[in-house]
Structure formats: C-alpha cells, structure tokens
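The structure is given below, and queries will be raised subsequently.
Chain nomenclature is as follows: A, B, C and D, assigned in order of appearance, with residue numbering initiated at 1 for each chain independently.
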Amino acid sequence: MAIGDQTLFGISTENSQGEDFVRVGVIGYGYWGPNIVRNFHTQERSRVVAVCDKSVKSLQRARQAHPDVPVTENCADLLEAADIDVAAIVTPVWTHYELAKAALENGKHVFVEKPFTRTTAQAEELIELAERKHLKIMVDHTFLFTGAVRRIRQLIGDGTLGELYYYDSTRVNLGLFQHDVNVIWDLAPHDLSIMDYLIKEKPEAVVATGERHLNGVADVAFLTLYYPNNMIGHINVNWLSPVKVRTTLIGGEKKMLVWNDLEADEKIKIYDKGVEKSGDVYKLLVSYRSGDMWAPRVEQTEALKIEAAYFIDCILNDKKPFNDGVAGLHVVRMLEAADRSLEQKGKIIRL
Amino acid sequence: MAIGDQTLFGISTENSQGEDFVRVGVIGYGYWGPNIVRNFHTQERSRVVAVCDKSVKSLQRARQAHPDVPVTENCADLLEAADIDVAAIVTPVWTHYELAKAALENGKHVFVEKPFTRTTAQAEELIELAERKHLKIMVDHTFLFTGAVRRIRQLIGDGTLGELYYYDSTRVNLGLFQHDVNVIWDLAPHDLSIMDYLIKEKPEAVVATGERHLNGVADVAFLTLYYPNNMIGHINVNWLSPVKVRTTLIGGEKKMLVWNDLEADEKIKIYDKGVEKSGDVYKLLVSYRSGDMWAPRVEQTEALKIEAAYFIDCILNDKKPFNDGVAGLHVVRMLEAADRSLEQKGKIIRL
Amino acid sequence: MAIGDQTLFGISTENSQGEDFVRVGVIGYGYWGPNIVRNFHTQERSRVVAVCDKSVKSLQRARQAHPDVPVTENCADLLEAADIDVAAIVTPVWTHYELAKAALENGKHVFVEKPFTRTTAQAEELIELAERKHLKIMVDHTFLFTGAVRRIRQLIGDGTLGELYYYDSTRVNLGLFQHDVNVIWDLAPHDLSIMDYLIKEKPEAVVATGERHLNGVADVAFLTLYYPNNMIGHINVNWLSPVKVRTTLIGGEKKMLVWNDLEADEKIKIYDKGVEKSGDVYKLLVSYRSGDMWAPRVEQTEALKIEAAYFIDCILNDKKPFNDGVAGLHVVRMLEAADRSLEQKGKIIRL
Amino acid sequence: MAIGDQTLFGISTENSQGEDFVRVGVIGYGYWGPNIVRNFHTQERSRVVAVCDKSVKSLQRARQAHPDVPVTENCADLLEAADIDVAAIVTPVWTHYELAKAALENGKHVFVEKPFTRTTAQAEELIELAERKHLKIMVDHTFLFTGAVRRIRQLIGDGTLGELYYYDSTRVNLGLFQHDVNVIWDLAPHDLSIMDYLIKEKPEAVVATGERHLNGVADVAFLTLYYPNNMIGHINVNWLSPVKVRTTLIGGEKKMLVWNDLEADEKIKIYDKGVEKSGDVYKLLVSYRSGDMWAPRVEQTEALKIEAAYFIDCILNDKKPFNDGVAGLHVVRMLEAADRSLEQKGKIIRL
C-alpha cells in the first residue's frame, strides 16, 4: 500500500495479521470528523494516521480521544505525505474541490463528505482526475449504508411495494445553520442520494420553493422531483423547526411504507394498504385495502462502520464503490437545479 | 323568523322558551351530513326541519338517527318550503352553486360545505345575490371553530410567536377519493381557510406540484404560498398515505409551535426555541435558544357545535359571519390558482 | 316476545320485516347509559322502549337524543311493565342486585353493567333466580367484544404466543372517582374479565396493594394474580394519573404482544422477540431472539354494537351468553379477594 | 495524591496545569466499564491508569479504545498498586464486597456499581472499613446525576408538585438476563435510589410479587413500597418485555408529572391536573382540574460525566458524596426485603 518512499508519519502498512492495511489521513475534526476518525481507526484493515484541523481546540479534542494519532494544523503535511493512502475530507463543501484535487494529485484516494462539490463542473473535473490517476473517490452518503435504507432498497427491488407512486421526505430540525450553503445543500443531499439509490428511474425535472429569514440563505425549502411514469418525489427541509423530524413516506402500487429514522426499534413500517381502481373509464371506482402492518427487523450496525469497511475493501481489491464520484455528481446536479428553481420561485428546471 | 305563509313542514318558529328559533333544512346526508343535522338539531335556537338526499339508504339512516325529522328525496321541496330559514348544503362541490343559488332565490340563508364553489365566478355571483337579498352565507370551514385554531390565533395575535416565518401543514391519509375534484380541493381548503384566519397578510403567489396515479386527478400534491415579508406557507396533501397525519408547524421569530390535531390531549405545543442572529453583515452569527415546551389546555367543545351556534346567532341578530362567502371566495381563488400552477408543473401564479 | 297482557308502552313486538324483536328498557342514563340506548335502539332485532333515570336532567338529554323513546323517573314502571323483555341496568354497582332481582322476578332478561354485583352472594342468588325463571343474564364486559380482545384470544388460542408467561395491564387516568367503590372495582373488572376470557387456567391467589388519598377509598392500586405454571398477572389501576394509559403487555414463550387500546390503528403489535434457554442445569444459557414486528388489522366495529346483537341473538334463540352471570361472578370473586388483600396490605388471598 | 512510593504504572499525579489529579483503576470492562473508563479518563482532574478484566477479548476492546491505558488480567496488580487512588469496581454484584474490601484495605477510594453489595452485612462492613481508613465510597447510582432526576428533585423540593401521593415506575425490556441476581436486583436499584433521593420520608414496608420462567430467578416482578402519610411507591420490572419502557408517574397534590426517559427532548412533563376534594365528611365532592402541560428543558450533559467529576471533587476536597455507602446500603436493604417478600408471595416486610 505504500505509495512513495518518503514517509511523514512512519506508519507500517501491515496490520498485526501481516495483512496490508490502508492509512487514512482525516482533514477536518469538527462535528462529523470524530465519527470518521473513530470508524476508520477501528477497522481491521485501516488506521487513521493523521488528523488535520485549523482549530487548535478541535485538535485538542482529537488528541484527547485518540492519543495515538498525530495531529497537525497544516493540511499540506497530510496531503503530501507519502505514507497516507486515503484523504478523508470532512470540511465545509466550498473546500472540497481544492482539497480533493490536491489529494488526488498527490496520489491519494479520496473519501469526501456530502455534498461532493459546490458545482457539477468541479465534480466532473475530480472524477476525470481520479480516473486518470486510477484512484477511488467515495462520497460519504452515509444513509445508503444504514440498515433501513438497505432494507427499503430490498423491498423495492423484490417488488414488495410494487410500482412506486411517490417518495415524500420530511427532514427538519433546529439548526445547524451553515454559512456557506442553504438548507437544501445541507439536508437534501441525504434524500437525493437515497432516492438515487432506491429509484430505478432518474428524475426529469425539479421545482424548488423556499424562503430565507435569518442569514441570507434559504432556511426553509421544499423540493418536488418529477420522475417518469407519474412517480413524484418531495423533500421538505427546514432549519427552523422546533422539533426534529426524519420521516419518509413511500407509496407503492402494492404496499406503502413509512420510514421514521428517529424510532429506536421500528424504523420501517410496511402497510398492506392501498387503493385499487376498477371499472371502465367512464365510471372509475376506487376501493381501499387496509390490512396488516409489518415492521421488519432492521440491521443496527453503525452505517459509517459498514461504509468505511466497504471503502477499504474497494481500495484493497480495486473495486468501484457505488457511491463514487459519479453518484456524488448526480446529487450536486440536483442541488444546482434546485438552487436555480428556488431563485426563480419554483420555475421548473429540466434535468 | 317565518318567511312566508305557506308551510311545508308545519314547524313552529318558537322554541319552548318562546324564543325565535331558526329552521334548518339539510341537503345531503352522506359522510358529513349527519354531523350537520345533529349539531343544528341540538342547538337551543335551531331545529332541523327537513333532510334531503337522493339516496334512499341515506334517508333511512337519517330516519333511524332522527325519527322526528321529516326526510325527502326531492331537494326542491326543501328549497322552496316557506317554513325553512336556512339551507345547509352538504353535497359535492360541483352542486354547491346551483343549490345555494336556488336557496338564496327562495329567501333562505345558506350554510355550505367547503370549498364554497367550483369557481370564483360562482362564488362572486352568490355573494352578490345574498347581499341583494339580505341573506347570510356561511362556508363551513369547521376548523376555524376548533379550540386549537382559536388558541393559535390568540397566540399569534398577542405576539407570543412573534413575526411569522412559515406555516407548514401535512394533511395526508388513505382516501377518501373524490371523483369530481383533486386532492387539493378535498384537503387543502382546511389549511387555506386556517391560514386566511391566522395570518394577517394575504398570499401573493402560489406554486403547486403534484401527480395523479389512479383516477385521473391529482392524488398527491404540494402547495407553496408566498407571502409578504418572507413568510412562506406550505401544504402537503395526499390521498395515498398509509398513515393519517394532521400536523402543522408554525415558525415564529420568538416561539415555534407544533399543532398535531390527532393528539387527544396536547394538540398544541409551543416551543421556546429559536434562532437569534447577531454580528454585522460580514460576519453573521446565528445562535440557538432551546428552552421549555408548553402545551396550553385547548377547549374541547365540538367545533361544529360552536359554529352552528355562531351561525344561528348571526342570523337571529343580523351579524356578518367572519367565515362568510367572501372568506369562502378567498379559498376558492387559491384553489383555482393552485390548479393552474399544478397543470403547468409548478409555474408561479400571482394572486 | 310479549311477556304479559298488560302493556305500558304499547310497543309492537315485531319489526318492519315482521320478525320478533326484543324490547329493552334502560335504567340509568348517566355516563354509559346513552351508549346502551343508542346500541340497543339501532339493532335490527331490538328497540329501546323506555329509559328511566332519577335525574330530570338526564331524562332531558335522553329525550333530546331519542325523541321517540318514552322516559320515566320511576324505575318500577319499567321493571313491572309487561311489554318489556330486557332490563338493561346501567346504574352504580350497589344498586345492581336489587334492580336485577326485581327485573328477573318480573320475568325480564337482565343486561347489567360491570361489575355484576357488590358481593359474590348477590351474584350467586341472581344466577340461581335467572336459572329458575329461564331468563338470561349478561354482564356488560364490553371489552370482550372489541376487535382487539377477540384477536388476542385467537392469537393465544391458535398457539401463536406459545405458553403464557405474564399478562401486565396498566389502566390509569384522571378520575372518574366513584363514591361507592374503590379504583379496583371501577377499573380492574375490565382486565379481570379479559384475563378470564383469554387465559385457560384460573388464578389461584391474589395480592393487592394500594393507597387512598382523597375520599376514603383506594384511588391507586396494584393487583398481582398467581396462576398455575408460573403464569403471573398484574393490573395497575389509578384514578390520579395525569395521563390516560391503556396498555397491556402479554409475554409468551414464542411471541410477545403489546396491546395499546389508545392507538387508533395499530392497537395490537406482536413481536417476534423472545428468550431461549439452552445448556444444562449447571450452566444455563439464555439467548435473545429479536425479529420482525407485526400489527394485524383489528376489526373496528363498535364493541357494544356487537355485544348488543349477541345478547339479542342469545335471547331470541335461547343461547347461553359466554359473558353471563357466572362470568360476572368470577370477576366479583376476584374483586372481593382483592379488597381483602388490600385491607391487609398485600396479604395473599387464595381463591 | 500519591499514596505510596512504590509505583506500578509510573503515572504522574499532576495534570498539565500542575494540579493534583486522581488516578483511577477500573476493574471490569464488560457492558458498563467502557463508559466508566471514558468518563474518568476525560475528566480534567482524573486519569484512568489501569483497566483490569479477566476476559482477553474485553482487554482487547479496552486497548483499541484507549491505547494509552495499560491493561491487566490480574486484579491484584491494580488493587495493590501504590499509584492508584481510586478503584472503580464495574463487575457483577457478587464480587463487589471482596473487591471493594481489598481496595479499601489497600488505601483506595472505591467507586462501585449498583447495587452496592449482595447483603446489608457486607455493605455495613465496607462502610465501617472506609470510615476507619478515611476513604470514600461512592455507589454508582448514575440516574441521580441525570438532568431529569435533578429537575424532578427540584420540582418536589420547591413544592411545585405539592405533597406526594404516589411514585409509579415501569422499567421493562428484553434482557439482559443476569445469572447471579433476579430482575429486582438488576433493574429496581435505579428506582430505589431515585426514590431515596427524591422522597423525604423513608419507606416503612415492602411487598413484592413476581415469577420466574427461564433460569430459576424472577424475571418479572412488582414492588409496592408503603411510605408514611399514604404515599405509595410501585416498581414494575421485567426482563421479558418486547418493548423497552422507562416511564415514571409521580402524582402530587398540586401537580402531576410524567418522566419518560426514552424521550429525546421532552423527558419530563408536568401536568396542571389534579383532583380537589370539598364538602363535609358526609358528602364528599371530588372535582377535577385540567390545565396546561409544561415540559421544562432538561440538562443533557451525560450523567456519568457529572458523577465522575463530583466524585473527583469529593476526593480532592474531602467531601462526603451523597450517593455514598450509606445510600448504597439503603438500596441493598430494600432489595433484601423485596427478596424476602417475593419468596413469600407478597408477604409484607416491615423495614
């Protein structure tokens, strides 16, 4: 795994079983960084070998939690170190492009927070660069690794829900306010990446409405996504909600589903409820079906742990992650379209 | 109170205390009609003196519940009867205009289900006709008489919530499918009338998106309402939801509120939560406030009982009801705009 | 159906289809009486032909709701009338014995509120009297006719839950305070009758604890019921709870169940959860099983409607109701034992 | 702080600010141990200087989480080391006495899991020994340091609830089965210590019922505690519940309270509900009051962090912790009484 001769941190590339392992340098130790460090550091086949943050206080926290991991205030140290295989970029979105580019140019794989980049052009450039250098990019769409999302994908894939009618997500809470992006860029990437993962068809158009109240960026917003075959998506994001809600309704021809991610035990409920149409075109009859409800057991393993293991496996065995740069680009493209629609008060943007 | 000499049902116009009372004829005894009959029939100052429905089965139900109230299959009997003061029209919306017009022309006050009419032109004509004949119209926006809505109006009116940021309502369930109108006309009138009642400013534009899946009319829809001063409204209506939701979030500068109408006891929760901005324009700081929650006791009296009493009072004392034809027209105007926006996939419609 | 020649209310004993029907006289029109009247009055094969209450105000309410039903302040009128087949006794428990006895002596079947009587001696006397006169007694254990209880009985009966470990019910709320009985007599009969209906074995002993705070009778109480084979029952009843709770946990060898009667839709949840023991006696291992949850659709028909129809059917076709006097006696025996235990601060009372 | 000259782990007794700090050795790294290590290790004034566990696997986990903390399989190393000030005993209850005794005899303060000991005799001996050696004992009744319990204590202390009527706790879940103790010893110490902390009076008697189903110890149990002045306590503990419940109702003369510890945000709800008695002894009237509900903000800091800081402070400043050996003894005394009552099927045990 060692990429060059020059080593900064002097870390061995073999774990105690004599296997190769992956050396991860983490840039950014704010809100989410500690989870990244913990998860890559406790994998069998990876180690965090450096943490970088501009804040002295953050580095203190890192040292306290992981006394064995070197820290630095200077990202260049980490980006240029020969004995680091992966740069994990856990910083604000406007810094992603520059940091990821430097990492790729220095021969490092990139694990980067969502959303991937600030623009589609940046995303495309990074994808091209990674391909050229034979490096991997993984965008941290953590939700795709939760037991709930994987179970829902299975339920859609095996036809349990039938043809999809709608996907309607409410993702609201108080804060965290971002200064560089609006609430859509902060919260909607979760749903956009999940929809991309769950729904076979791609959206054809987006309509976004919303309003700004405090710091000049939209803090309340509503997205509609038009899909082929009358499937419709809707995402309600809000930084000004007094209560936290993480609820998604998915309506299908055969079954309907409620995913409440805040429930400890019964995150997914599948309802044998539906509407059946009968009669001819002149006298359409609609009848309701109301049967049992069923809450399948959902795998509880921490999503980030699975995701980290998956990325390590992709690197060690040269596989292409499904949540790669292209998947990240899809989400950025939707975000850009949503921004354009939002500015024009709901004007439809074709994709 | 008697309007003419000719009487059909031979009902006295005085109650047992020798006071005037109002004689109500109810047209339509389907889903909501029984509530109208029960509430007007048990008022001190009103009696239901006739029930009309085209369905023999519905009339049987009426007779069983109210053996003392005459029933008829012929609406004309009721509309033309001299000894009826009020026609309560509890029929599908496409019939409202014709029935209300006949009632007004026959000198009857009109109590009519929401939405008022199928078009603004119809609403305007009925308003004009009622004025000319010195008759009252009340549109049955029942929610305005619930303890919850009256309490919320008070909390907004007395400044408890501060300047409003948003009103976001989710009103979804499985069915009832209407054949003549889409889900917006079925479910959104509740929120549109409530917003009209709660919010001082009027909306300036509407954006509606949605999709049809079963019987050719939209069964899932999302409305955004733009108000002055960055206030934004949002209504999520859906006939294809496996679960019933009746939840409204109202965000204000000072406090935030959750109204869950399905809660038995704590329908309204007021959160001492918020965001405060500080700092200059170059370095805006946003800080959160998270304090106590408070659930005020909400009056539990059946809303329709209060509404019926209010309408009777308006008639007996010649007062103008606040939920009159003009209030009903406002809602119809919003519904028409929403339909136009929906057809054009979210095109903004200025009001 | 007419029992004698002398008629008071002059009601025909045939319904509109020319079938026999049962004439019900209802004694008591307080909190529960209106439901009894409504349900017996709207059956195909029964009519309420008289309502009796000592309170003029209650009779006014009865008249308003059912203008076609004669009312009286004098119970004797009703108890002695020849043209009444059933006396429905919906009065405080201390009056049950006397009223039921008079009704039986006058040749009337008896429908009586729970708990059946104040003492087992009274219950036994009434049972014997009814048998001698070939009359039916039904004790209004309404819960036995709910979709939830019937579904649970099915799930236990068909072995879904496996051998039962425990039945644990919490039934608490604020009021209604009774003056003549304590909270056990008010609330526990529900659970005692349900347990009697669901559980094959009979309890062997009871332990009751509790305390009185306001009006000299226990307002908070806890019952433990010992059954054969280590099955245990527990009932928590409380008139001083700020929240209403109606939750029962039933633990079985194979599956476990939660019945929350306040849930609108998912009253019963069945958990594929459990504990398995393995290993020998010296090294017992316990392992957990945590699988899916399943909420079967529960019949929503009003329980009292089904119960009324069932009683009518028992009378017309001379069948013995399963919730007869003997079932009522079982409950009274438990209540008496609980009272004895309560007075002695939890002393076990063998049954 | 150093206790002797001979040091095993060679740890300085001063932190980076040159202040004294406390060196903690943790015995037991199973389910709860990791939390103890993490919290004592991240305090300003303490460090974990050794972790001991008999399981190699547990020690591996400890090393992975805290690479800077030495581990050992041999407890004697830790108990006898001169450079350890506190032994934190996080092992099964039957080992507490022996380990705590050794620690005290070796001059170490003791932090010990609840319940304190297996018998009151053991607890008394340890208390006496600690006093003689001028050492502190703290029993880890963590709940006493939660924001919720501290808030409830305040609400009782300042008279908000008024005179207490009852304390009723439900603490049920599936497992963890203990092999050495029954469900009362596993789950009830939480409530017993909380009641001891909240309620001024001491219980006078206990009644316990329950049943064993799997491994020979009671897995379902119900405790009633009789207090002076008609105050009553009740604890429902169950290892065989399909759902986790952590709900306590506290009824007071003036207000009533629900504490749901599984709620993320509104753990405590205070109801302005109650019952008022009036009238003379012959005609007692009870009327209900139903007002607002109020959920005070509850401090969210991890309880164990506060508890650890408090214990450190008690040691450094020679203060007596309120959750000391005597507090632990109270709980053990209740547990012993409960066991005696349980064996005799609810026989009252006077305290």
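Everything that follows uses one rule, which is that contacts are C-beta pairs under 8 Å (C-beta built on N, C-alpha and C of every residue); 3 or more make two chains touch, one makes a residue touch a chain.
Keep in mind the model is a prediction, meaning the values are calculated, not measured.
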Check: interface with higher C-beta contact count, B-C vs B-D, is B-D
Of all chains present, which has the mean Cα position farthest from that of subunit A?
C
Between subunit C and subunit B, distance of the C-alpha-averaged centres to the nearest whole Å
40
State, to the nearest whole Å, the distance from the C-alpha centre of subunit B to the C-alpha centre of subunit D.
54
Which residue numbers or ranges of subunit C touch two or more of the other chains?
243, 265, 290
Using the touch definition from the top, list the residues of subunit C that touch subunit D in their complex.
165-166, 168, 170, 172, 174-175, 177, 179, 205, 207, 209-216, 220, 222, 224, 226, 230-232, 234, 236, 238-243, 249, 251, 256-258, 269, 271, 273-275, 277, 284, 286, 288, 290, 345-348
Across the complex, what residues on subunit A touch subunit D?
42, 64, 67-68, 243-244, 262, 264-265
What part of subunit B is in contact with subunit D in the complex they form?
265-266, 272, 290-297
